[in-house]
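The same chain A turns up in both complexes below, where it pairs with chain B and then with chain C.
The block that comes next holds the complex of A and B.
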């Protein structure tokens, strides 16, 4: 099930909200949350819900085990148990997500053909595996106590608001909230605003501009003009941002409606003036996870230049791989690893001297090329597309088709550019600071409008993709 | 000064809190309101506006739960039976047009409010199977006069009505390919250029994927000689039978900005006597037109009352010619022009026909065969190949 669907909005959500808010006590609410989360998950993955339950059980028990070793000061055993649990989680993730990919590549180089069957990827497995890993490691490090209530633990792992597309919520951030949390009407309303902004981002902007990207992709490479290529790349750039950050906003909003506070996942990444800054603002919960659990344990930047570069490249190759079991994602990760190393050791001092607008253009061009690597099915087609962007192998600079795409995406394009900077939202928020009543009415009506028009698109069953089925 | 700032901050915070409460109530009100309205509302079987059967409440069993059928059906049900569905569709189309979209659900909104369907991209292997079967059929029946007339879509004929630069399949190339595969074994009638000369004369409906009777008339005049009609053609006169036709493209796109008129053509000062019956209605009638269709949603069914597996027309002529037409719905407004020139015309729609064609040919003593299709349907439908090879 996805949030942006009629069924979620008008069947699942109302029933859940009533059950959740009518029943008393946090413990009961946690149970409601767990049960509905499992239904939510089973809706799209009836069989894999068993995998989810298994995951909850294994990590719950091993959390308790770890804690008891630590209390008895048996550090060697604790270390062993932690490595074992982490390895087991990674093994499950690896089996479902990377098995086919690994065998396929082995078959390509080995003389024998290993038979394999492509498994359907359990949705959200990369997100919830990373959450459980954060739990196990934090318990081992003594940063947090183990959870003794299986219901609360299950609710944390399977929590439907962030189950299928993040943000990756660390256990230590949410531990206290699992014990006690308050929902007020104000907080619920604030959550509804987050949710509606996210819904609008996803349904109104991402889906619509995404259909332009899809249309551009139907134009064969030799027929693509430079203009067509840029419009397509721009459309995808906007689609992935508004889709992904829309999901995160909806998750944060739903969380607030239930009394939780999740961390911000996107912070206007397209306003960045360097790639390093871009990754501080893009999918924050993922990059901070990698920093905390991979980069720093590897030694971070404390072992000299060579080691730092090695660590950065490991982190970025893994970041790429996390996004999907395919070479283009690995290249995409390595691409960012290289740029970040270059910025750190070479460019930064020059970049600092450039005017802001040039730094901004530099960043966006690199980000857009990155998305070409990301969306292309193979490295070859990515190279062809990037060539097209700069006129190599393209069908001229501009053509009628390019103008058609430009014309039909213009309004949406301008809107999406404005909405990807803080300008639009700040302007809008100022309506509330006015003493004029009608401005407050306008403010409320914008949210109502977003909801109603989004519903109109959802009722129509138009193009409504789920982009993270490979994560 | 600080106090003023403090006061201001307090005021802003208060405003935000009040607004949060307002939004909370509005959000809950709309979500719950629509959810409850959905439960109360009676289910509808058929949508006139969209011209399709709507999903109904599914029943569950273990198997359907396991393979997600039940979930999918239930989601389709909630969406199809949504309160005031037609209104939401209009809202969506309106906002699509506002943001500059000109393609709605596979239909382009072109110049002069013309709705133009995007032709599908068919599997070339399917197409070859069909043409292969046709060639085989023609070589098995060298004694008959066999013609194929394939009519391109509005997207090709009226391309200057499309939004400028819209990406569309090149049906000109498709026609050339078909000519190559068919023309050596049968008459290949390409009326594309004839139609292109009349694009400003409403030869296709604005709101429907069919050609108009006027389009069919121009095609008939161009094709008559190749069909072996040597006598001077009759003069035909158009009669308008409807002015409020809203076709399937209006339904699929959701755009209802235009209406069409439907015309029928009849030979002037002359009566052709004939009797019609079809596989769905054996009773013999003296007209190919079904007036009751004009009160239905799909008024194009005024021709022959829509598609039937087979239609038989016995005509009071003495030409010794008996025509068999393999056809789709494009033929329905074309065939009436043929009436004065044959003793008998049999129409077969392979999508619904399950009998042996060879038996029919022998029994009826067929002399002429015409394959009459719209290019888009012809390329994406494989029932013709099955019928011809007797499967």
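The block that comes next holds the complex of A and C.
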């Protein structure tokens, strides 16, 4: 089930919200949340609900075990128990996500052909595994106490608003909210606005600009002009931002409607003036997870330049690998690792001297090239596409097809560029804080308008999966 | 209760391992390349002399983006009154199975609706269409030789 579906909007969500809000006490609300989250998950993955329940049970018991060792000052036992649980979580993730990739590569280099069965990836496994890891590690570090209520713990792991595409919510950030939270009418309304903004981003912008990217991808590489290649790359750049940030906004909005506060996952990343800044604004929950649980434990930037570079490259290779079991994702991660190292030690002083617009162009060109590595089915096709962007193997600089794509995507393209900056939203928000009498009417009309137009689109085209579901 | 935590964890881990092993009973992945599979399937059929359709035809008929899959081969009908066609898809991962199956089902339904009432021969042929999902390969064929091609398909994987 996805948020941008008619069934979710008009059946699942209303029933859930009524049940959640009419029942008293946080403990009962947690139970409602757990039950509905499992139904939500089972809708697409009936078998993998068992995997999730076992995951919840193992990590719940592990948390209690770790806490008991720490209280009894049996630190060695606590350490082994933590390593065991972390390794188990990673093995399960690795098995479902990377098993086929590993065997495929072994088959490519070894003279034997190892038979294997590829497994369907349990949706959201990368997200919820990172959440369980944060829990186990934080309990071991003494940063948080173990959760003693299995319902609350189950609700945390399986919470449907952020279960399948994040943001990755760390247990320590949400622990208090699992015990006590309040939903006021203002907070509920604020959540509904976040949700509708996300829905609009996904249905009205991402899906429409995505169709331009898909049309470009139907043009075979030798028939692609430089203009066509850039229009396709631009369309994907916008699609992935509005798709993913739209989902995150919906998750944050749903969280608020239930009384939770999740961290912001995007902060206008396409306004960045360096790649380092871009990654401070893009998928913030993932970047901060890697910083907290990989980069800093490896030593961060405390061991000199060589060690910092090593640590950065490890983090970025893992970031790439987290996104998918394919070489292009690993290269995509390494690509960013290299640029960030170069910015840190070589470019930054020169970048700082450049006018803002040039720094912005520099960032966006590198980001767009990065997306080619991301959307291409293989490393070879990524290189071909990147070649096309710069005229290598392309069908000239411009052609009729390229102009056609440019013309058809121009209005939507301009709108998406504007919507990817804070300009539109800030202007609109200013209205809410003004003294104008009609402001609430305008606000209501805009949000109801987003809902109605989105629903009209959804009725016509119900299949619109989120790009980040496959991670 | 505390002393039971490690035992409980081991018990749950064993259950998890059992679940993981049981999930390995899914469809087998074939490493056979599409060129070989398609070559075997079309051998001796009318498609042998034809060229596969372009990606945009795949998009038009099935709504599938060929680039999203490991490989897609379509032999499309020659004209508007023709229904003979062959689609072979090699998936990137098994999560794509349902999308392709749905697309094939939709294509078949569209064709049946188009010919129902006046194209008795076409409808009969469409009703004999063969769809096979075998691990990472999907086969769909509308042809008198579908049974023969089906055997060749399964053998080639």
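Quick notes
The rule is simple: the second predicted complex is superposed on the first by the 465 of 471 C-alpha atoms of A that agree within 3 Å, B and C clash if a C-alpha of one lies under 4 Å from a C-alpha of the other, contacts with A are read in each partner's own complex, and residues count from 1 in each chain.
Everything that follows uses one rule, which is that a contact is a pair of C-beta atoms (placed from the backbone, for glycine too) under 8 Å apart; a residue touches a chain by one contact, two chains touch by 3 or more.
Bear in mind the structure is a predicted one, so any value in this text is a computation, not a measurement.
Look at chain A after the overlay: chain B and chain C clash there. Of the two partner chains, chain C is the only one touched by A:92; chain B is not. Legend: residue contacts after superposition of the two complexes on their common chain; A:276 is shown touching neither chain B nor chain C. Legend: residue contacts after superposition of the two complexes on their common chain; A:189 is shown touching chain B, with no touch to chain C.
When the two complexes are overlaid on their common chain A, residue A:218 makes contact with chain B and with chain C alike. By the touch criterion defined above, A:400 reaches chain B but does not reach chain C. In the superposed three-chain model, the partner touching more residues of chain A is B, compared with the other of chain B and chain C. Once chain A of one complex is fitted onto chain A of the other, the partner contacts of A:172 are absent, as it touches neither chain B nor chain C. Residue contacts after overlaying the shared chain place A:301 against neither chain B nor chain C. In the superposition on chain A, A:51 makes contact with chain C only, not with chain B. Annotation: chain B segment clashing with chain C after superposition, chosen from 39-47, 201-209, 219-227 or 345-353, is 345-353. Residues 47, 218 of chain A lie at the contact with chain B in one complex and at the contact with chain C in the other. Chain A contributes residues 47, 50-51, 54-55, 57-58, 61-62, 64-65, 68, 81, 84-85, 88, 92, 95, 100, 104, 107, 113, 115-121, 214, 217-218, 220, 377, 381, 470 to its touches with chain C in the complex. Chain A contributes residues 1, 5-7, 9-11, 13-14, 17, 43-44, 46-47, 185-190, 192-193, 195-196, 208, 215, 218-219, 399-405, 407-412, 415, 432-433, 440, 443-444, 447-448, 451-453, 455-462 to its touches with chain B in the complex.
The touching residues of chain B, when paired with chain A in their complex, are 12, 15-17, 19-28, 30-32, 34-35, 38, 65-68, 71, 74-75, 78-79, 82, 85, 88-89, 91-92, 95-96, 98-103, 105, 163-167, 254. The part of chain C that touches chain A in the complex is made up of residues 2, 5-6, 8-9, 12-13, 15-16, 19-20, 23-29, 31, 54-56, 59, 65-68, 70, 92-95, 97, 135-136.
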